[in-house]
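Before anything else, here's the structure in question.
Every chain is named by a letter (A, B, C, D, E and F) in the order it is written, and numbering of its residues begins at 1.
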Amino acid sequence: MPQVTVTRRMHFNAAHRVHNPALSDDENRTLFGKCNNPNWHGHNYVLDVSVRGEVSERTGYVMDLAHLKRIVEGAVIDRVDHKNFNLDVDFMQGTIPTSENIVVAFWRLIAPLVAPATLTRLVLWETANNYVEYDGR
Amino acid sequence: MPQVTVTRRMHFNAAHRVHNPALSDDENRTLFGKCNNPNWHGHNYVLDVSVRGEVSERTGYVMDLAHLKRIVEGAVIDRVDHKNFNLDVDFMQGTIPTSENIVVAFWRLIAPLVAPATLTRLVLWETANNYVEYDGR
Amino acid sequence: MPQVTVTRRMHFNAAHRVHNPALSDDENRTLFGKCNNPNWHGHNYVLDVSVRGEVSERTGYVMDLAHLKRIVEGAVIDRVDHKNFNLDVDFMQGTIPTSENIVVAFWRLIAPLVAPATLTRLVLWETANNYVEYDGR
Amino acid sequence: MPQVTVTRRMHFNAAHRVHNPALSDDENRTLFGKCNNPNWHGHNYVLDVSVRGEVSERTGYVMDLAHLKRIVEGAVIDRVDHKNFNLDVDFMQGTIPTSENIVVAFWRLIAPLVAPATLTRLVLWETANNYVEYDGR
Amino acid sequence: MPQVTVTRRMHFNAAHRVHNPALSDDENRTLFGKCNNPNWHGHNYVLDVSVRGEVSERTGYVMDLAHLKRIVEGAVIDRVDHKNFNLDVDFMQGTIPTSENIVVAFWRLIAPLVAPATLTRLVLWETANNYVEYDGR
Amino acid sequence: MPQVTVTRRMHFNAAHRVHNPALSDDENRTLFGKCNNPNWHGHNYVLDVSVRGEVSERTGYVMDLAHLKRIVEGAVIDRVDHKNFNLDVDFMQGTIPTSENIVVAFWRLIAPLVAPATLTRLVLWETANNYVEYDGR
């Protein structure tokens, strides 16, 4: 049976501050520049969630994308949309909320929920010119 | 010699109905929701066709993309553009016309035609937020 | 008080056939080409709804865009999304479902509902390369 | 001499909270929903700045767009990029930082600086589906 | 009868050099910077052609967009696509090939050809962040 | 430690002519068509530079994207932006300036500079419908 990868694109927006509390304010400013602004800034994030699996003969789907959408909303979108990554998001506590760390945290929350399909890729766009991707390894 | 992947993006639009004739009308409505509308609906599809191969010293091309475009038009675009996947497309008969099944059917039609390059990926966008990809496995 | 125009972009998809029943099949084919396919084709439509008005001191809004979204969903989107413009949409009966006629029909349904703001422009994209706009005149 | 309108698209990102301090917390939550989150959220904003004027015979330009870019950076972008509209932006104090109020404030700062061309339109995209425009009236 | 505006988006690419032969090389470099590179540079241009008119009862169209496409191809696209605006394009001789001058020249070539509709707007994108528009005045 | 891939999208524009000087003019015209125009044509190129590595505990970054941007500007963008690939770009001499050859040349210039991260993919868009990608093999 062919294995196909299906992707659902999701959208959310959030505030954050790139800041390492283990460093001094000066070190933070030097490392992170304007991304370290104490009063936060924010982004319209775009998240592509890709799962891979066999195409069902009954449905012609790898996975109903409306179902995948609800899974991702429950696991991550509803917990981060219109929120502050540093202050409001429990699963990001103790982590610098860069796109790299966000995408790894999202993976851990989404991967267990998509069986029998397999989560194969997350792509997170922070701006139109910057994105990160993670494949679980 | 370096191996490069080149992609040509193609566009078509079509009507379809996600429907499994082996199931009852009630089961179809439950499984497929508004995508099961008996009078069809449709999409502007975007298809990315990627082939990989050596870069020719004579042309600097893996493959002339104008030639790839004509191959894809002849193999699939002209047979589905402004058509109904359920009623008008012979190679989709007996198959539920989901994006998953469409992309696998496209693969079988395009893959034999691109030698000496190799078809390595098809990506089919059904909407701006949903896409599927297939690598022949 | 400044007058600002605010726009909400909406998405839907639908099937249609460009066909004038007052003409012969031959005339229809000549006039409309592949858009006249008897078994329909379809599009992902994009609709930009623009309203203009004073900015409220209480809310900073011309109009809450979540409210505008619900108005447009009730007036048009829910009646055309995943539908067939020729067969399923009551307000298009007796009209050729071109983008021009669709956008004028949408105007008549939306314009009465946005007071005290004023509907000033509808833009309807049929494909990435074709769009129509209407200002009520 | 022909009058042409030239537009420069600019990008910035910022945090904000839609909140009217003259109202109670309950009223704010009811009016603004998740946009009222006390810990802020944010956006990647896109700003289109359009100026109109005669085409210079010497340069073929209405206005050098590199010059227009510097004007807009100095007047608004450098003051809002990676900032918090409620806390960091002096010219937004006393105003609810909705897109409507932001675009009117931007107009007042940019319009005096583009002579002999004339500022004719500002479009501010807050998300891919929401934008506001202002023409100074 | 309602008046609707319909737009066809067209694509072409070309080389050019922003250079005023009446000025010295130093003045050209100062005025135009890297856009004055003697060996040319180039762009993927996007052209939106908008015509306005009554909606025909016979066709539901203001104007068949396939017909408008052929008109614009014949009048301008075929004469500039994969060409050098300074060297290859007769109607740009004696004019600095800025977007402003290109869009005015395009207008003069297209406007006489779209009757009984009326050309109401040309928008020419030079890059994703720069565009010009002209309405014939 | 998780390995994440981060991508920075860059933009430049340039002129080129697809031409093999070892062939006759007739052969060049037959092989390359309008892309062989003797007076050049050009494109707005988009380049996606992807590097992979461990996420730093100190910064939350695989690599500071502002730093990656400066590396890519110095290595390639400043040498090709607003230039002619055939005449102005030393590292393309002796090579037909197709996207395939450009992306391989870019790889050789960028790959040595991103340690301790690893360059894993370059994607070069020549138009909105054509792109090439290279992974160093």
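To be clear about the criterion, contacts are C-beta pairs under 8 Å (C-beta built on N, C-alpha and C of every residue); 3 or more make two chains touch, one makes a residue touch a chain.
Remember, it's a predicted structure, so these values are computed and weren't measured experimentally.
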Fill in the blank from the handout: Overlap of the chain A and chain E neighbour lists contains D, F
Handout entry: Interface composition of copies chain A and chain F: same or different, split at half
Key = different
Practice task
Identify, among E-F, C-E or A-D, the interface equivalent of C-D, where equivalent means over half of the contact pairs coincide by residue number.
Solution key: C-E
Handout entry: Most distant chain from chain E by Cα centroid
Key = A
Handout entry: Chain of greatest Cα-centre distance to chain F
Key = C
Exercise for the section: Using the touch rule from the top, work out which pair, D-E or A-D, shares more C-beta pairs. Expected result: A-D
Exercise for the section: Quick one: report the Å distance separating chain B from chain C, using the average Cα coordinate of each chain. Expected result: 28
Completion exercise
Averaging C-alpha coordinates per chain, one finds the centres of chain B and chain E separated by a number of Å equal to 34
Handout entry: Touching two or more other chains - residues of chain C
Key = 128
Problem - Touching pairs - complete list by chain label - result: A-B, A-D, A-F, B-C, B-F, C-D, C-E, D-E, E-F
Handout entry: chain D residues touching chain E - in the complex, by the definition given at the top
Key = 2-10, 50, 55, 58-62, 64-66
Handout entry: Complex contact set, residues of chain E against chain F
Key = 11, 13-16, 34-35, 37, 39-44, 81-84, 87-88, 127-128
Practice task
State the interface residues of chain C toward chain E in the complex, per the touch definition above.
Solution key: 18, 20, 23, 31-33, 95-101, 103-104, 128-134, 137
